[in-house]
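Accompanying notes for the structure given below.
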Amino acid sequence: MRRVAIVGYAQTQHQFDMDKTREDMVFEVVKEALLDAGISREEVDTVITSSSDFLDGRTISSVFLSMAAGAYLKDESKAEEDGTSAVWYAFMKILAGTHDVALVEAHTQASTFNPHLVSFYTLDPLFDRQVGLLNDIAAAAIQARMYMSAYGVSEEEIARVAVKNLLNAAKNPNAHRKIPDVTVEEVLSSKLYYHPIRELMMSPLSDGACALVLASEEKARKITDNPVWIEGVGCCQDFYLRDRDLLKLGSLEKAARDAYEMAGVRDPLTELDLFEVSEKFAHEELMIYEALGLCRRGKGKILLEKGLTEKDGEIPVNPSGGALGADPVCATGLVRIVEAAKQIRGEADGYQVSGVRKALAHGQFGICAQKNWVFILGGER
Amino acid sequence: MSEEKVIRYGFPFVARFEWSVGFLMERFIKSLVDKKILAAKCPSCGYTYVPPRSRCGKCYAQLGETNLVELSGKGKLVGYTIAHVELDGSGNFRDLEKPRVIGAIKLEGADSTIFMPLEEVDPKEVKEGMEVEVKWRDEMKGPVDFAFRPVR
Amino acid sequence: MWRNVAVIGCGQTKHGRRRDVSLAEMVEDAAWKAMEDAQLTPNEIDAIVVGNMQGFGGVAHPDCWVGDWIGAPGKPVMRVATGGTTGGSVGQAAIYAVASGMYDKVLAVAWEKHSDSKEPGATTGLLHVALGNLAHALNYGLSLKHLIVTQAVGAAAGVALYQARFYMHRSGCRIEHLDMVAAKSRRNAAKNKYAHLRWPGCTPEDIAKTEMIAYPFRFGHICPASDGASAIVVAAEDIAKRREKPVAWVKGLAAYSDEENQLMSESYGGVGVLDASEQMGCRVSAMKAYKMAGIEDPKREIDVAEIYQPFPSQELIFAERLGLFEEGKAWIALEEGEMEIDGRMPTDPSGGVLSTNAIGSSALQRILEAALQVMGKAEEHQVPKEVRNAVAHGWGGVTNYITVTVLGDSPR
Amino acid sequence: MPYIKEERPETLSVEGEWNIGATTWKANRLLEEFVKGLKQKKLIGSLCLGCGKVIVPPRNICGRCHRRMEGRVVVSDKGTITCFTYTPPAARGKYKVMGIDPVEMGVVQEGEVLVPVFVRFDGSDSNMSLPLIGVDPKEVYIGMRVRVVWAEEPKGELSDIVGVEPIK
């Protein structure tokens, strides 16, 4: 099989209601990613973007952005939902041997249309939309409560996930929600939405974009001395909410298993140096630990308690601040890949974790993380 | 002229939809009027779906009208949340004057979980595992309008 | 590197107004037919690619809900959407998924259910493409009359109207030829049990009697807004070779697009290309796909074409841009009967998009119909000759997106 | 029309909405620049300093050069018709746009024939879609020379361009 590497990337400074049109935002981030790779648009063979019509407020969300995305007269397509899906597609196009250099771009301006209302629009229109009660936050709250009572997890422990990630976000120049002195008390006194989910336990509504340049091994060697290899990919969709076991992230387990197998990872705990995951709600991060095989089911809180997943812990999770630090919906998973690649390349100024050789990046989409994508990335050695 | 680089604007338009429901859902919705909850039991693996559906997601068997079963309307609360806000149609969260309980309910005889309002209960007294039963509306406000309450 | 891929199963629903099923049941129908045709169960499918246009049916990311009906849980699922080309993009993503060596058997499903919208035709979805721009222009004093004059005419037939004018001007094609294409499409559709507008024995004179909407388009030239879904199963070479039934091999594919060609750009900016019938994106895509397929002379080597033509002019334009006829000469070939089912270069023997348009599915349907022709399974609308190579085309976006897929009776 | 009809039973429907009104789009300020020019009866276009293309109304990005179209130029208000169409005479109840009947609203007169054209203004490389005024559709041809019909008192808005008319 061909090897594929990340050779350049860029992301915006994610923020609430950016003073930039989506066109300018996309143009700038793509330009910067190409500059980071040190290649021109002419060298790109295929462009895959990721965005969603409902979130962008435009049917065919990609159509007026192709020029900004550098796709003019190029082979192009759009994978919706999460940017990691677009990377998955671009990766396969390069593996197929038909393309050597791919540009991936993902964006959402959450200020355009409330993503929580979009989550309501994703529900079964014949039943749940008729009932009219659910949305992604309400469903996550139900899941959080079930998880808490099944495994004896307290609200404080959930809040501690938020504190960890928000403190990390404070050091990340691209993050959106930065509260450098955030405390568990502050999280627990933030606005209550659906018990136990409070404002600081949910990801913020961010405007942002992210771009990535991928290349085949042959091309990657010419472009950079510091390629980050995609060693494993796994993705999986779960059942619709009604018929899913909400106590675990089943589709993430499967996606992680597939990615580990492809990358030859037998023990993620010892073989992977860093994790960048998309936790849209604080409790999800604990469930993600379990699904990724970092601990047994229900034991996620112990990793946190022992400080293992802190930035300077043994298995750092989200030193960038994760999705709780910034959530430009379709770009969030792609940002995780970029943050993981950054750590491998040693370019995470101000929040660099030392000695990162192999890292995991995770993207998700759908209510209670219905769909998951897992990437295993590795450095040169 | 504003200092901002962008101009923000909207357009007042609500797109409306009418989703056809198919035969099994039609039976389900019509039965609600007669205060009955129908489910579809997979003839092959036995998994029981509520609301009913045409294809078993677990074993892929096809389900039809002969697989419809009537449920008792009793069930167990497997999860819940107390809503302090609700999403209005424009994407804003409105504070609720009185918090509301959304229950995740597994009905007796069914395997699916449905997410419905839980009423006639003090939110502080809601417990996972609680026995609940269907509470029919005197007048339904939509095609799917019913709730649950604790079994006393 | 490239691993050979073949279409081993095809399934589609009957198209038309489908109020007898829910969206989920409609999608299920197509997916299951494709899997049954491929003699596979969902357990044997490795990955799924899905797509439609969210705004038309009012359900955001419907795969999250509908996935349970097509065996998606537990599998990798990619959602692809690119406007009119959605189906083509879905099919191509599935092909790449197998060609890459990542997955052996991939199901591609695409659909649209227009009748779920309360607005007539596809108004909500189509309007929403440009609404972000038009609402902006209205704030800058775009007069209602101007909007109606420039856009309302477009609302009926979109940019295709201008594209048709450009083509007619540069080729000498006349409105009678559009009548001929439309009549041919309705006649061919009558032979295709899955099609929507089926009119046996329809003549150009019948079409010419329909009301003029805006010159040169008559009512009889316009595609319907259909409900329907289509699905294919693609598989790796070793699996396809073990099949006893015929398969259709993927020989080449490309999706290049020419954005200078758009009707409008972001924030109501102007457009660059003067002639919307030029379709540089299609020329480039065809060139790349043929090169990959080892086809040097498409006029000779392609046996049948499934062209994305919601309007009759497009069948002629794209037939030329796909290199099947001399530039500006397709209408002459049409006059001579070359594009008929039993002609030298049959185009849209299925009736094409002009007679069936479930928009997200339409471009996948082209790949599916091309595959049926290669496999010899198109039943009544099978072209009466040996089909060695077939080309499937998709067109979308605001005139810019293109997908071209070449299928054949032997591996690359 | 003698289409083959297939009878299918219809199941009941449930309703719902998609509130497009809850969308906040963002636009750049190029159209604002353009309408300011209109107030002085000037057509402003954007110039790509990479390839020299001029686009009217101004566009932000040149896709070919992948750069912002930074230059601004004033192009002529005379141009050439590159494409045209025309409608049959308007009639009440014939068609609706966004639920509005233009004849009923008085925006279009009963019996009026609309002639939308594409115009390339001299000095530009783009098409602008505008109404052609005062010409029998039979007399329109591609290549016809036209000029802008300006509003009597331009106010700095898009409707300052009433349409185009033939240069006699």
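As written, the chain order gives the labels A, B, C and D, with residue 1 at the start of each chain.
Here, a residue touches a chain if its C-beta (ideal position, glycine included) is under 8 Å from a C-beta of that chain, and two chains touch if they have at least 3 such contacts.
Being a predicted model, the structure only gives us computed values, none of them experimental.
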{"item": "Count of contact steps on the shortest path from chain B to chain C", "value": "1"}
{"item": "More contacts between chains, A-C or B-D", "value": "A-C"}
{"item": "Between chain B and chain D, centroid-to-centroid distance (C-alpha), Å", "value": "46"}
{"item": "Computed distance of Cα centres, chain C from chain A, in Å", "value": "33"}
{"item": "Centroid distance [mean C-alpha coordinates] between chain B and chain A, Å", "value": "30"}
{"item": "Of all residues in chain A, the ones touching two or more other chains", "value": "20-24, 54, 57, 66-68, 71-73, 113-114, 117, 121, 125-126, 130, 239-240, 243"}
{"item": "Touching two or more other chains - residue numbers and ranges from chain C", "value": "18-23, 55, 58-59, 68, 73, 118, 124, 128, 131-132, 135-136, 259-260, 265-267"}
{"item": "Residue list for chain B, restricted to those that touch at least two other chains", "value": "5-7, 9-11, 13, 15-23, 25, 57, 89-91, 142-144"}
{"item": "Topology of the chain contact graph, where touching chains are joined (line, ring, star, complete, other)", "value": "complete"}
{"item": "Touching residues (chain side chain D, partner chain A) in the complex", "value": "14, 16, 18-20, 22-28, 60-64, 66, 68"}
{"item": "Residue numbers on chain B that touch chain D, as the complex places them", "value": "1, 5-23, 25-26, 29-30, 89-91, 142-144"}
{"item": "Complex interface listing, chain D residues touching chain C", "value": "1-4, 6, 8-11, 13, 15-18, 20, 23, 25, 27-28, 30-32, 34-35, 45-46, 53, 55-61, 63-64, 82-88, 95, 97-98, 102, 105, 107-108, 114-116, 118, 120, 124-131, 137, 142, 155-161, 163"}
{"item": "Residue ranges of chain A in contact with chain B within the complex", "value": "19-21, 24, 113-114, 116-117, 120, 125-128, 130-135, 138-139, 141-146, 149, 192-197, 239-243, 246"}
{"item": "Of all residues in chain C, those that touch chain D in their complex", "value": "14, 16-22, 55, 58, 118, 124, 127-128, 131-132, 135-137, 140-153, 155-156, 161-162, 165-166, 169, 186, 190, 197-200, 206, 211-216, 259-260, 265-272, 274-276"}
